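Note that subunit A is present in both complexes that follow, paired respectively with subunit B and with subunit C.
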Partner chain A sequence: MRRLLHEMNPSMKFLAVTGCILALAFFFNPWTPLLFFSGVVLLQVLFSQTNWKLWSLAMLPFLIGAFGYFWTTLVFGQPGEGPVLWTIGTISITAQQWELAWSLSLRVLAFSSISLLFAFTTKPVHFIQSLMQQWKLSPKLAFSVLISYQFLPVFKTEFEQLQQAHRIRGTGAGSSPLKRLTALRRLLIPMLAGAVRKAERAAFAMEARAFTGEARSHYAEIKIGPKDYVLFCLFSLVLTLSCSAIFWA
Partner chain B sequence: MLKGWKLKEIVLMSLFGVVFGIVYLLFLHIGNLWAGVIGPLAYEWMFGIWFIVSIISMYIIRKPGAALLPETLAAAIEVMLGNAVGPRLILSGIIQGLGAEAAFALTRYRHFQLGILMTAGAGAGVFSFIYGYFLSGYAALDPSFVALMFTLRVLSGAIIAGVGGKYIADSLLATGSLRGYAIAKAEKGDARA
Partner chain C sequence: MPVRNPILQLDGFSFRFPESVEPTLRDISLAIHEKERVVITGPSGCGKSTLLYVLNRLYPHNCDGEVSGSVRLFGRSAQEYAPGEANRKIATVFQDPDSQFCMPTVEEELAFTLENLQVPREEMPQRIDQILHLTGLGSFRHGVIQTFSGGMKQRIATACALIMEPECLLLDEPLAHLDPLTAKEFVAWLSLLQQETGLAVVAVEHKLELWSSFFDREISLSENGAIQQDQAFTERGAPSLPKRVSAIRQEVLFEAVGISVSKASKALLQNISLPLRSGEVTVIAGPNGSGKSTLLKVLCGILKADKGTISGMRAGFVPQSPEQLFLSKSVEEELAYSGNPSPDTLHYLMKALDLKTIAHAHPFSVSHGQKRRVAIGAMLADGRQVLLLDEPTAGQDQQALAELYRQIESRAQDGCALAVVTHDMNFASSIADTVHLMKDGILSGPHQPEELFSNSALLAEYRLHMPKKGDIYAPAFA
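Presenting the complex of A and B:
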């Protein structure tokens, strides 16, 4: 039970997550995103093994972002109808505006909760493999992406080496944020030049091993089973329940 | 879409996707902290950063899809690295890529001067704004505030992505590593003419 979400077919999960997000965009009451958020967290508690400490850490920036939405909606939102709740300086806040501010900032949290669910329960390689097998993503593209993804640690070492090389020559980043930003430009060009050379070499290696991108069979088969449909229905249920909030709230 | 692409062009495009996926993620975190303080307006002036890979890749490879695909990939890489915006970022990547692609498609992939690159950056801005308008509920904000956001985003797309993208690609060309790609051939052609 605790591994269900991890084992769900990544393409199906992707479909469920994007579907939910697009549907939520139509709702402007505070209850729908709040209910959805709670539902998603409940699903994650029941059917996944999540490192909740890490989860809270990832959620933190979005909490800050939600706060930004909250006060901008209050200050810059269209003054709606309804009784004025209170006035600060020249800004008077109506009940409608108050509700809207809650709705938009809770929406940020609802979106990030379901996105985190995806991120915490999906292995990148499985996601690409599933896209290739279920959605007929071109193998040429899929394998290029997988190769590029494997280059990530190489990029990291290269980045550090470049930084050190700059420092040895006395052109290090310095401490102020502005200096760091201009230093980033000096690092980016050699990084990209390295990437171009790596791309060429990787493409040669692929062609040398007769990779031409035609139809192929798969060593790791990723299938869609009954439990994927059950989980998909569970996501739909959470979405429907939270959307029904417009009828009783 | 990938017919007529050489394998090395596809791998190059994917690698650009990875490098800029990391850069995008870095700026996403910076933007998020900003946004907490000054609200959604914080993103607008720096939005062009998130369109830049479309411009660079198209300017170098010059084939249909060279703007849409790397932008989508960069977004996918951001998701794979485990950021909390999650899969919907892929959707915004597709939409931003389409915006840039549209500008190049209008010229039938024949012209790649600064003006076209800037139009492509602005196009990505327009497309992403329409998407953001719908998804983040900008409809609820004051129209003049929304207009300000829109202008900032389009300008940022044209300047940061258009001008900045050309600048980065040109400096990359100067390193000599782009021999064998369309950009180097075009450069030679210009010299002959």
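Presenting the complex of A and C:
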């Protein structure tokens, strides 16, 4: 049970997540995103093995963003109509404004929770493989994504090495942020040159192993099974329940 | 010798890149036969790698090169093959272990090859098992490729090539990024594989001493891209360099005492002390990952030491790719970048390092040897008379090594102190005044080169090999 979301077909999951996000965009009451957020977290608690510490850390910037929306809507937003709830100094907050502020900030949380659910339960390689098998994504495109994913750690080391080498020439460390920014620009060209060289080598290596971008067989077959439909319905249920808030809230 | 069929055949083949005036390959005629082990040699830039890419049909397809003459692969003209078709029979292993993989694990990477060949899914597990068994990589099946060493990556790349069941294996300087012992282990492993599979092997290589008697035939190209010689291969030692006359002076320019560095509670360097005297050339050797590069970076102040003191002159650092240091648009500006040198010093350095002719060239566009001279010049111009060179010998051909040797020699005569990290024990034995060995972050030494290079047990402990002196101009016929 605790692996269900990890094992869900990535393309189906992606479809469910995108569908939810699109649907939520049309609901402006604060209850729908709140319910949806709780529902998503509940799903993730029940059906996944999430590192919640890491999750909280990833959630933090969104939380700050949500608070920002809340605050700016209250302080700078159109006062709107309706009764004034309370007044702080020169700022008076109306009921309409209060609701709008909650709605905006909770939407941020709803969108980020479902995106994080996807990110935390999906391996990039499986996602790409699934896109290739279920949605006929072109192998050329799919493998360029996969290979760039492999290059990330390589680029990180290269970036560090360049930075270290430039430090001995007296750029970077200890100087003003502006100077550090111009130093970063100097890293750009060698990094790009390195990337082009690496990309060419990788392309050669792939072609030398008979990769042509044509049809191919698949070692890791990624299927859609009954369990994927059940999970898809579960997502839809959470979405429907939270959307129904417009009738009773 | 039994009659062998030619599998790859070039006839009067010439090749010119669209952007260059002169052809890269001129009038090449050769035939590679079944089960043959051939090495292609020649100076840097003579077109060895281009020739290899013609043999596996990556060229002229991918570069719009201008071609004359014919290429026949397995009796068919290369033009008749569909893209990727020829690569099923002719597999290739490349030089850079970091840019030939596209999947995370060994198993998935092997499967990638099979998927390209459209092998039915049911057959795949069996073929993967087979190749893992053949190559002895069974226990690494689920290993993450990016976490492996360079030597391991080259073995995996070879396995990924062999799983196609090719008839010919091409290798493009496969040892360039490996330390000598790892390289020799790779060659021995490859030799067994070749015997078992009966492949033809064609390699581009200039470090022939690492291959001992692996090859049976050598095709050497001349500088202008024509075949110079096509003959039986003879085993040889490394090109010999003269023993340098020491220029040590008594003055200690630089001294590090008790340096320790740890990262994430893992000790990278432990209690290292290293004095460098004026005119002294110190070689630091040891296996990959032993902390040599980290040490150099600490000595020149790029990284901070947790413990220990560094005194004396500031040290300059020349990385394996010297262009990593460059910040300016011309060689002249590069030397003047620090703003310290007087016009006289600058003038002297430009002359001493033979940079006058390229003063206005972009530092990224000059040759590798010139780049290194520019980097050394930039360090000296910044008043760093202690030079730390990280792996300057890696991937260098004979001519480049000779130039490096002269460069180090004249800097030592000028009174600089030099520390050189290298795997090349032949080079080390001719250039070093003092040798330090490094393993697991611990530095041992100073060793006297004469004593050290006759102590094979100590060398083996540090994954180094004895220097094998030989003369390329008089190969020993066994």
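Worth a mention:
Simple rule for what comes next: the second predicted complex is superposed on the first by the 233 of 249 C-alpha atoms of A that agree within 3 Å, B and C clash if a C-alpha of one lies under 4 Å from a C-alpha of the other, contacts with A are read in each partner's own complex, and residues count from 1 in each chain.
Just so we're on the same page, contacts are C-beta pairs under 8 Å (C-beta built on N, C-alpha and C of every residue); 3 or more make two chains touch, one makes a residue touch a chain.
On a predicted model such as this, the values are computed, not experimentally measured, just so you know.
Once subunit A is used to superpose the two complexes, subunit B occupies space next to subunit C without a clash.
Of the two partners subunit B and subunit C, more residues of subunit A are touched by B.
Contacts of A:71 after superposition: subunit B is touched, whereas subunit C is not reached. After overlaying the two complexes on the shared chain, residue contacts for A:207 are found with subunit B and with subunit C alike.
Contact with neither subunit B nor subunit C is seen for A:239 once the two complexes are overlaid on the shared chain. Superposition on the shared chain A places subunit B and subunit C such that, viewed from the Cα centre of subunit A, they span 70 degrees in steps of 10.
Shared-chain residue A:43: touches no atom of subunit B or subunit C.
Once the two complexes are laid over each other on the shared chain, residue contacts for A:147 go to subunit B and to subunit C alike. Looking at the shared chain after the overlay, A:112 reaches subunit B, while subunit C stays out of its contact range. Once the two complexes are laid over each other on the shared chain, residue contacts for A:169 go to subunit C alone; subunit B is not touched. Look at A:198: by the touch rule set out above, it reaches both subunit B and subunit C.
Of the two partner chains, neither subunit B nor subunit C is touched by A:34. Here the smallest spacing between CA atoms of subunit B and those of subunit C, following superposition, is 7 Å. Touching of subunit A by both subunit B and subunit C, each in its own complex, is seen for residues 147, 151, 190, 193, 198, 202, 204, 206-207, 211.
By the touch criterion given at the top, residues 2, 5-8, 10-19, 22-23, 29, 32-33, 35-42, 69, 73, 76-77, 79-91, 134-137, 140-143, 145, 168, 171-172, 175, 177-178, 180 of subunit B touch subunit A in their complex. Partner subunit C is touched in their complex by these residues of subunit A: 125, 143, 146-147, 150-151, 153-154, 161-162, 164-171, 186, 190, 193, 198, 201-202, 204-212, 214-221. Against subunit B, in their complex, subunit A makes its touches with residues 14, 17-18, 21-22, 25, 28, 58-59, 61-62, 64-65, 67-69, 71-73, 76-78, 100, 103-104, 107, 111-112, 114-120, 124, 127, 138, 140-141, 144-145, 147-149, 151-152, 155, 188-193, 195-200, 202-204, 206-207, 211, 213. The touching residues of subunit C, when paired with subunit A in their complex, are 53, 56, 58, 62, 82-85, 87-88, 91-92, 94, 96, 98-104, 108, 111-121, 124, 146, 157, 160-161, 164, 297, 300-303, 316-317, 319, 323-327, 337-338, 364, 378, 382.
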